[in-house]
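One chain, chain A, links the two complexes that follow: it is found with chain B in the first and with chain C in the second.
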Partner chain A sequence: MYKYVVRRFLLAVPVLLLSSLIVFSLMRVMPGDALIALMGESGNVGERELQKLRRDLGLDRPYYAQYGIWLWQMVSLDPGYSIFTNEPIAVALKKSIPVTLELATLALILGLVIAIPVGVLSATRQDTAPDYMGRIIAMSGLSLPDFWLGTLVITFAAIWFRWIPPLGYASLWEAPLTNLQQFLLPAAVLGFRLSAATMRMTRSTVLEVLREDYVRTAWAKGLGGRIVVYKHALKNALIPVVTIVGGQLGTLLAGTVIVETIFALPGMGRLTVEAILFRDYPVVQTNVMLVAATLVTLNLVVDLTYAWLDPRIRY
Partner chain B sequence: MSTVDRREFLTRVGWGVATTTVALGGTRKAQAATPSKYPDWIQASAKPPKRGGTSPRATAWDPPVIDPRLTQSIGLFQFVGLTSSRLVRYAFPEEATGTTDFTIKGDLAESWQPSPDHRMWTFKLRQGVKWHNVPPLNGRELVAADVKYCFEAYAKEGVQSFTFREIEGMETPDKYTLRVHLHTPNVLFPQNVAESVTVIFSREVLEEDGDLKKRLIGTGPYILKEHTRKVRVVLQRNPDYYDKGRPYVDQHVILSAPDYATRLAAFRTGQSDIHYVSSPSDVEVVRKTNPDALVQEYKNVLAPFGLALAQDKPPFNDLRVRRAISMAIDRQKQVDTVYEGHGMLGWGVPYVYYQDAPPTADQLGPWWRYRPAEAKKLLAEAGHPNGFATTLFYYEYWPQMTSQVQLVQQDLKKNLNIDVKITKLDYTTYYGRYVDGKWDGMSWGFQSGHAVGLDERTYQYMHSKSTKNFFRVNDAVIDELTAKLRQTPDVAAQRAITKKIVDREFDQVLRMWMPYDGGFFLYQPHLRNVAALALRRADGYGSPTLARLWLDK
Partner chain C sequence: MSTVTVQALPIEDVPVATVSRGQALWATLRRKPLGLASAALLVILVLTAIFADVLAPFDPIETRPEIRLSPPSRAHPFGTDDIGRDVLSRVIYGARISLWVGLLAVGIGTAAGMVIGLVCGFWEGRIDMILQRVMDAIQAIPGLVLALAIVAVLKPSTTNAMLAIAVVIIPGNSRIVRGAVMSAKQNRYVEAAQALGCRQLHILLIHILPNVTAPILIIASIWLGNAILIEASLSYLGVGTQPPTPSWGLMLSSTGRAFMEQAPWLAIFPGLAISLAVFGFNLFGDTLRDAWDPKLRRRG
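After this line comes the complex of A and B, so read on.
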């Protein structure tokens, strides 16, 4: 197991290097730069001043030099400063990561809390009203895009209940109640989408497992329905579900971009989008690398979870 | 089993889309023209103002940095006008006679006088004005040397250097007197230092920090208590503000909400006091849930967007081509369809500087009228009987802009056989390419949004030597007239010259303005002394006008 983990981490190095090269190149291919965006419709900055600013920020150096410097910054865990705001990127990340982490975690929890029971219910009550209902919910989750659902939720909350989550992010530690009000709706929107695929997968795998011989044996032994379904069938049905959830984490992170914008949460999604729009190279590059590293790690965690779920699996 | 045929399916889908559109706040346009029934001016309240309360507003804009030397972003100036003073300012809503009242009032300066040749301006400063009572200023008195330092810093570097490099030198004969010597006479200089972007910042902060990116300390009615990017800006009442008894509101909270639906929901639920919508039908959608909201129709005095042509290169350096293109565009169709009949045909210099009423279609001259047959003839005379191919790049500031661009494309193809290849760009790419001024073909051009003054709107935007001349105007007559305007103290004569500038612009089709609409402001019913003024929107560069706001609840 230890060797496996080390090997996986070593394999992650070329993946991250390739990601870094792709994001660095793409940012440089895009026209426009952060200095132009910073001027904000003033337009009255001379070329000499712009050149000076570019020199100060190291943007006049050859690309390979810029890439090398940035890689070193990544390795030394000092990503530098935002061109656009002049804020240390580490500080910006320290503020935005907890927001996205909280949103993603809540969405994941909500998604699983909806998906697994409904998926199991659909499977155990196949072709009955609860099953149809579960499948409709799952299909809706797969079909409705986050931006549409998020906009609809906030609009109708305002019209029907005269309430929307309070604007102006409040930290979980400083104002937990306000924080929960701010996060529940966006997490529900994200979680709903996440739950859809998980629900479908849970239903189909539980259906499959319920037809296995060992389950029939369990029934024949006279075990109770809950024990058969939840102890014997579900655990074995979960491996593909975990795979699906692992694969959905990337989608979940991508979804935060839209949902954070709609619900005005200052997370990594908004930070990255703003940085892309304003050509804030260091911020975009650092964020993409962080997301890439996170996904690599999560995939490893998913693989390790297989072994926990199925003791026959050994690395 | 009932069946749904194709027609019924489309009908149902159509209803579904329409219902959703209304539910989302009616961000799309209704087909029928809806005349406005709302006033364009809200009178100041006759009641005695009440102190206290918090005024929140949701905003789409975040300031990149809070250093006014480095950006003219609306994200910054939506609140800097409340924390910082200027030498002089434009009238606040309660002082103004209407939206187009551009009277200049004293802010830090009590009075100002030009020398006979208008090359020197003497400003007498108010005594006893204190900086905010926070370190390192700790409420010390503002003196003339502070203003001098600030203007020198603006001239030295940053986005305002063009404006302040007009200053040859400054002297401070005493603590409360500032003499400004200009390189060339300029009767309009006070207007330039009344612009919302020319705020006075503190010398100590710049010297200690090397920039103004972390601390913003001024002498204005509010103290910046918190600035958390993408979250909120909190402004707290300055108890030592020189205008005793003011401001009335204890706190302004500006909440970051980049999504339109969120801002609308915030207004509906009382989390935002001010909301802007672009069309009459949008107003009605909001009033369904907020029938008591105060509504102000915002009547623009100029159009900020137009078709910019690479007029220093063929084929657009040929006047006949520019005139033909202008005549081939049906502007009224854009007003009727895109702006629901509620819009202006388009002109660039604020009309209030040269006449009392908005220009009529006739006043815009023959080249602004839709005359496709004449346009085709003129283009043929210019050597393009079969049209030509060109490009147009733009950034979609709002969805209707794309419709306008496409209507222009259709008109030019239909009437002149000009093939326009449209490229829609993201903001940074568009902005960089546009201000760089080296592009070919056409662009959907803009003039900066913050400017109020005549000098900014004429000399600085149209003179061939100006760095803000984005439309690439290079016309000797315009150069001469805009320079002459700066040397003409008499207001009637100024209006006459401005009219000549405008007439020349229309005649030579130097900037091809396109229809525009001002939109509408919605205010919570308890807001008093609030109104958007021409070129000074309460939620943007006109934020200083909120200094006199009070809450009647």
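After this line comes the complex of A and C, so read on.
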């Protein structure tokens, strides 16, 4: 087990290094200097000022040196400054990470709350109306674009209920009620999308488990339906669901990009989109790397949880 | 002698697993009404894209400010947008963009993924190790974020959105092909071909490749839906198709959002078009899997 954990960690290092190389190279082949894009905003700028700025930002050094400096910055958790706002990236991240974390956690919880009961219902009533309904809901979750769903939810909440989520952003600790009002809709939109795959997986694993001998035994000794399904079957059926939920983390993080943009939440997703549009490459590089590192780590955690849940699995 | 042939014939006629893929698909479509519905939906989508010029009642980019933001009516069943363009015509032409981007992106992504998967699965060893780590590195970055970054680098346009989506598709495909190749290599006939001294490329293309096409087609169909979704998302964020070209995602973001309360039809119809297209491809992918991959049949 320990050997496996160490090996996985060692494998994660080259993967992350390669990711960083991909991101770094992407940012360097951008057409049109980021600085010219930046200076375009403030009108005419002399060649000398441009050169000075370039030197200040370390852009006059060879690529390998720039890459080395950036890597060091990432490892030492001091990612430098945004070109666009001049704010330290660490400060911007400190403000935006809690927003995304809250959104993602709420969405994950809502997603599971929708997915597991519907998945179980779908399986226990296989090929009946509730099953078809459940499967159509799951397919819609996979097919409805989250930006469309978000736009519709905002509009119809405004038209039908004369209610718009409070503008701006209130922190969970300072104004919990306002905060929940702001987060509930975006988390629901994101959660609905996430629930789709989990629902399908829950359905198929519950179907499989219900055919097992020990479930038949449980029925045979006269246990009630609820106890058999929830206590005996679901416990084992949920193990593969953990993997699916793990695989969804990427979708979740990508989803926050769109949902934060629509609902005007100042999270990491919106920060990244804005940085990409303004070609603020230090911010893009840092955010994308942070997301990649988070995903790689979470995937490792999911794999280990899997082994812990299912004693038959040994690494 | 004639009696012998008469006796022998029935034995030869026994259908021993000679169901072609087309027949298997047809049988599944007949059994599953939802699968049939998805196939019909896709046929309609493709026909709409091909015959957009004939089907669209108006020019999709012609502006008529005097009828701006008019609600759905007989002349304009989907209403008109903020500069008086017919929404129905724009949705019809949008099918062309979506399908085109989807097909090319998935085509490029699948072909590249297949080559990498074949190389990795067939030769294994060091090249497999290196290429798979590169795939891991690409996969570590969420698809939409990677596509966004690529498009920002290449300049926002439909073609670049397509290329970005193709890059996102490669790693997953390469992994599926790699797995299929590794299991196909275990077959006796591959061993026999090696023993006969066939060239490696010959074994790869003649004996192994056919085993890989079914999983590739299944995954490609599901990816088509995803590609349409990513293109719409990129256009929605302003880095995909550029105005005035009618793209579903762009229609939603540019006018759909701004006039949502005043003219909800501007957002409803393009969104519905995206959802139906993606729904169709997802469901059809499921149907293909049911028809061609009995091992996966019971999985979600």
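Keep this in mind: the second predicted complex is superposed on the first by the 306 of 315 C-alpha atoms of A that agree within 3 Å, B and C clash if a C-alpha of one lies under 4 Å from a C-alpha of the other, contacts with A are read in each partner's own complex, and residues count from 1 in each chain.
Convention: a residue touches a chain if its C-beta (ideal position, glycine included) is under 8 Å from a C-beta of that chain, and two chains touch if they have at least 3 such contacts.
Model, not experiment: these values are computed from the prediction.
Of the two partner chains placed by superposition, only chain B is touched by A:266; chain C is not. In the superposed model, A:185 makes contact with neither chain B nor chain C.
After overlaying the two complexes on the shared chain, residue contacts for A:151 are found with chain B and with chain C alike.
When both complexes are overlaid on chain A, the residue A:296 reaches chain C alone and has no touch with chain B. Applying the stated contact rule after C-alpha superposition, one finds that A:162 touches chain B and leaves chain C untouched. When both complexes are overlaid on chain A, the residue A:277 reaches chain B and chain C alike. By the document's definition of touching, of the two partners only chain C reaches A:288; chain B does not.
Shared-chain residue A:120: touches no atom of chain B or chain C. Look at A:22: by the touch rule set out above, it reaches chain C but stays clear of chain B. On chain A, the patch touched by chain B and the patch touched by chain C overlap at residues 30-31, 151-152, 154-155, 158-159, 261, 277, 279.
The touching residues of chain A, when paired with chain B in their complex, are 30-34, 36-46, 49, 84-87, 151-152, 154-159, 162-164, 166-169, 261-264, 266, 270-271, 274, 277-279.
Chain C makes touch with chain A in their complex at residues 133-134, 136-146, 148-150, 152-155, 225, 229, 232-233, 236-239, 249, 252-253, 256-257, 260-261, 264, 267-268, 271, 274-276, 278-279, 282-283, 298-300.
Listing the residues of chain A that touch chain C in their complex gives 11, 14-19, 21-23, 26-27, 29-31, 139-140, 142-145, 147-148, 151-152, 154-155, 158-159, 197, 200-201, 203-204, 207-208, 250-251, 253-254, 257-258, 261, 272-273, 276-277, 279, 284, 288, 291-292, 295-296. Listing the residues of chain B that touch chain A in their complex gives 20, 23-25, 56, 58, 62, 64-65, 70-76, 157-163, 211, 213, 228-232, 253, 255-259, 261-262, 264-266, 268-269, 271-272, 289, 426-433, 435, 446, 448-450, 466-468, 470.
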